[in-house]
């Protein structure tokens, strides 16, 4: 099912995210997804996230789909040239995987194979454009596709709390021009910043899904503040997490914070995207507390 | 072969660019890395014509050499862009376009695409290129590059695409791996290749951060003090620790009447006369000239033309020494410095025949009457020429005389301050002079970076005082006087002992001198005697030069005398190269401390264009030789520039 | 412009074989050459009696002059198992071509420096991509100023205006944005989606041949 159908119907969409393992045994991951992610509309499968080599995104999407779930295929430009990207897009469509999130991808130097050649033949914008070209029945080389062309729900990302919001907005606009139909955002911890961003982004008229990470500890938040682009956790949240260590450790505080952010931002966006980072088990209670349980 | 770096964008793209811009100023770069065909090569015409057809107004055009050289481009374009210009169109490679864009005055249009080369070329125009992959594989492949020469950059052998030994991508191109196999086979190294482990390229080896830091550092060096300069191998270790020794008394001295800038002196002795040490034997002729004194006591055997180190046959006074060194009556101490008036100091310097001892030989007394207020005297102890160590030894062994001489110069020109400038490759001299000048409020020692030509007058002033001597001007125009440390010692001797300039410190060095050394040598001593005393010349294929390797001149005959400006005699390897066509690599522009473009001088000399030489400030060149040293085509640029200067004189 | 750095000492020592003839190229020394380190290493080899001769010269990439200079050393080269060249890759290839029967080894790895002219390395760089983007980017090259050479805007990896790959490097697209903002030309960024054409070397070939 295309996630864009929900937006068209005016529904508030919820997605979550799973990261494939470094290895071929994904049974546990599928079981967890079945157990905890029943309440979401779609599941992103990351594509060698942070440039760390893992089992393939497309293969895991297929497994999820076979298990009855609705995957969003994340596709990064770091590791493939345009031939491989187009080919993988066709493969996805062949499997009936029609939600694709176009990403540029972290640089190879950020991951566990720093020696690798960074490809970046295309980038997120031109990848979105490529999907449109395929949808028109052609490939980038100008050749005709055989038979019915594929149809994608074309997603992209944006970083609302980036310190260079101006440049981000320009890029967002370019993505839309290139064909982006919906956006998922980098994790938001500062509702005000997000709301300010949405006030500028709403002119584009494209659905935006608020990115959420359930904060696990003050240490984790500090680490993200220092190392992860586009994330800034306000001091007030750090204080909250420090207040009752036991409660934080149990995930209660984190879920409270995340639910509060969702409630504050919900009127300004069209969906939520939850990056659980191993805390899939907390997702049901998060949905409950933020009023998104069905 | 030609590494032209850009091509005009196609008409369609240019038209769409022009659609949204008007009032254009066009800047085009004279292409580099190609044979130097005409002086103004690229043509703005095609672009200008297209723009005019589109009804666009052109406010002006300019063609520039090495647009990527920010320092020079900034100066050239300053005040050049006419008022009312809304866009600057740049026809250049990406470097030139970005350099202009950085000036950020008006929006810049890139009118050209930079050509996409596989691999980077060296400094010569050859077919060979290098991928700069930071992990050289040439050791495994018999010296043929698999990264560049193989279309796929394969590292572990041939792919299946080769047909008739040609590449599948380009049937005109030899399969690199075919060539590699052949070469390895020829060298019997296939087995070695088979035993090599599987090669995986490491793309993280190119460390962007390290490179950008390095670029910053090297730019600092290139621009520190003055533009460019060079770092030729110093080779000072051959003689720098050898103390100055008195050179044995010569049997005969040949003293040319022309050892200075200006008119030759007029002899006041004749054959048969008896002369004493320090006796005046020739008198200055006119203002720019210098007295000459005997460096021995003995008999004048001839006044006749003799071979001069670099001026051909020159009238000279030949004296046979009696070995006694009987001193002339005129050699007696003057009043102490405190009691001498500035005029008296200048008179002593003039009378005692002191000329600049750094090489050029300008009569020193003239510098001491600048006719303009002087605030600082710079004493040049840089000795930036490779090999030479005479000034270094003078600093170490005559420190107090150096300081005395400096004080005398400061008094003569009424300068409140004196600075002794020494390159940082002479830490012992710096420490000594610092300790000897301790407590002197008006004299300081300044250390400068070792970089040739640090000790040239204009670069020294620019570096130390941050003042720019105007084109065609003198140091006095910016309130300073520059003298060499050996000159200061000569002044000290002249005042304190009354001894004229009759001997000087000379380095005899180079890898082909058997026993290098530093000597106090009497003026007129033969260079051959000097070389013989140092054990003669070793090896074959040797070039003997008077002075350093950069500004010294080759001696075809060693039977020439040591003169007032002789700071060294060196015997070095002859470099066998032949001059090739200029390829506009731009190195000479990059190293020129006067920010000139030496390659153009060679071109204009060839074309006989004296006006262009003048317009491009050939007279600002002081012949430091950096351009010739760095020239990748081995063009004798200094010789060309000298010819050019003569051309100008003739035209006048 | 190319610069060189020495390979590891162990590697050079093993390349040298029993007897080596050494060639140093100082042509690009004003830009960079690891002169001191190379000298030390060569002295060590020399003291061990493993060097048949050393030729220190410049611009060995110039085949004509290189030949002239090598003439005087042919005997010493003959004596050696390996000719060890301390230069950029172009120099090594030139020597290897001339001494076809000899094992010629590179003692250095070669790295590209920004600015490929003969002049001082510049802060600006050009990737020679063959399809100049500077009109779209306020004159700042996205190919070289962005770690990923992105041509459609910044990635999400910018932190405090710095690049995710190198936090001491400014984000190229941030610079582009600021430059255009300053010039009042932000509208320029509304260019259509760009895709890098990697086949422009054909144009280069044509220009070189014409």
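The letters A, B and C name the chains in turn, as written, and every chain counts its residues from 1.
One rule holds for everything that comes next: a contact is a pair of C-beta atoms (placed from the backbone, for glycine too) under 8 Å apart; a residue touches a chain by one contact, two chains touch by 3 or more.
Here the structure is a predicted model, which is why all the values come from computation and not from measurement.
Relative to chain C, which chain's C-alpha centre is the most remote?
Greatest centre separation from chain C goes to chain A.
If I rank A-C and A-B by number of C-beta contact pairs, which comes first?
Result: the pair with more contacts is A-C.
Where the CA atoms of chain B average out and where those of chain C average out, how many Å apart are those spots?
26
Per the centroid of Cα atoms for each chain, what is the distance between chain A and chain C, given in Å?
39
How many Å are there between the centre of chain A and the centre of chain B, using C-alpha atoms for each centre?
Comparing mean C-alpha positions, chain B is 61 Å from chain A.
Among the residues of chain B, which ones contact at least 2 other chains?
205
Could you check chain A for residues that touch two or more other chains and list them?
109, 118
Of all the residues in chain C, which ones touch at least 2 other chains?
147, 165
Flag every residue of chain C that touches chain B in the complex, lowest number first.
Those residues of chain C that touch chain B are 1-3, 5, 7, 15, 26-32, 56-59, 61-65, 68-69, 71-72, 88-97, 100-106, 108-132, 134-135, 138-141, 147, 165-166, 168-169, 179, 182-183, 185, 200-201, 203-204, 207-208.
Contact residues on chain B for chain A in the complex?
For this pair, the touching residues of chain B are 200-205.
Please give the residue numbers of chain A that touch chain C in the complex, ascending.
82, 104, 106-107, 109-110, 118, 120-126, 128-129, 140, 157-159, 162-164, 166-168, 170-171, 173-174, 177-178, 186, 227-230
Which part of chain B faces chain C closely enough to touch in the complex?
By the definition above, chain B touches chain C via 2-5, 7, 9, 17, 32-33, 66, 68-70, 93-95, 97-102, 104, 107-110, 112-118, 120-124, 126, 128-136, 138-139, 142-145, 183, 186-187, 189, 205-209, 211-212, 214-216, 218-219, 222, 230-231, 233, 541, 575-578, 580, 585-587, 589-591, 630, 632-634.
Touching residues of chain A toward chain B in the complex: what are they?
My answer: residues 108-109, 114-118.
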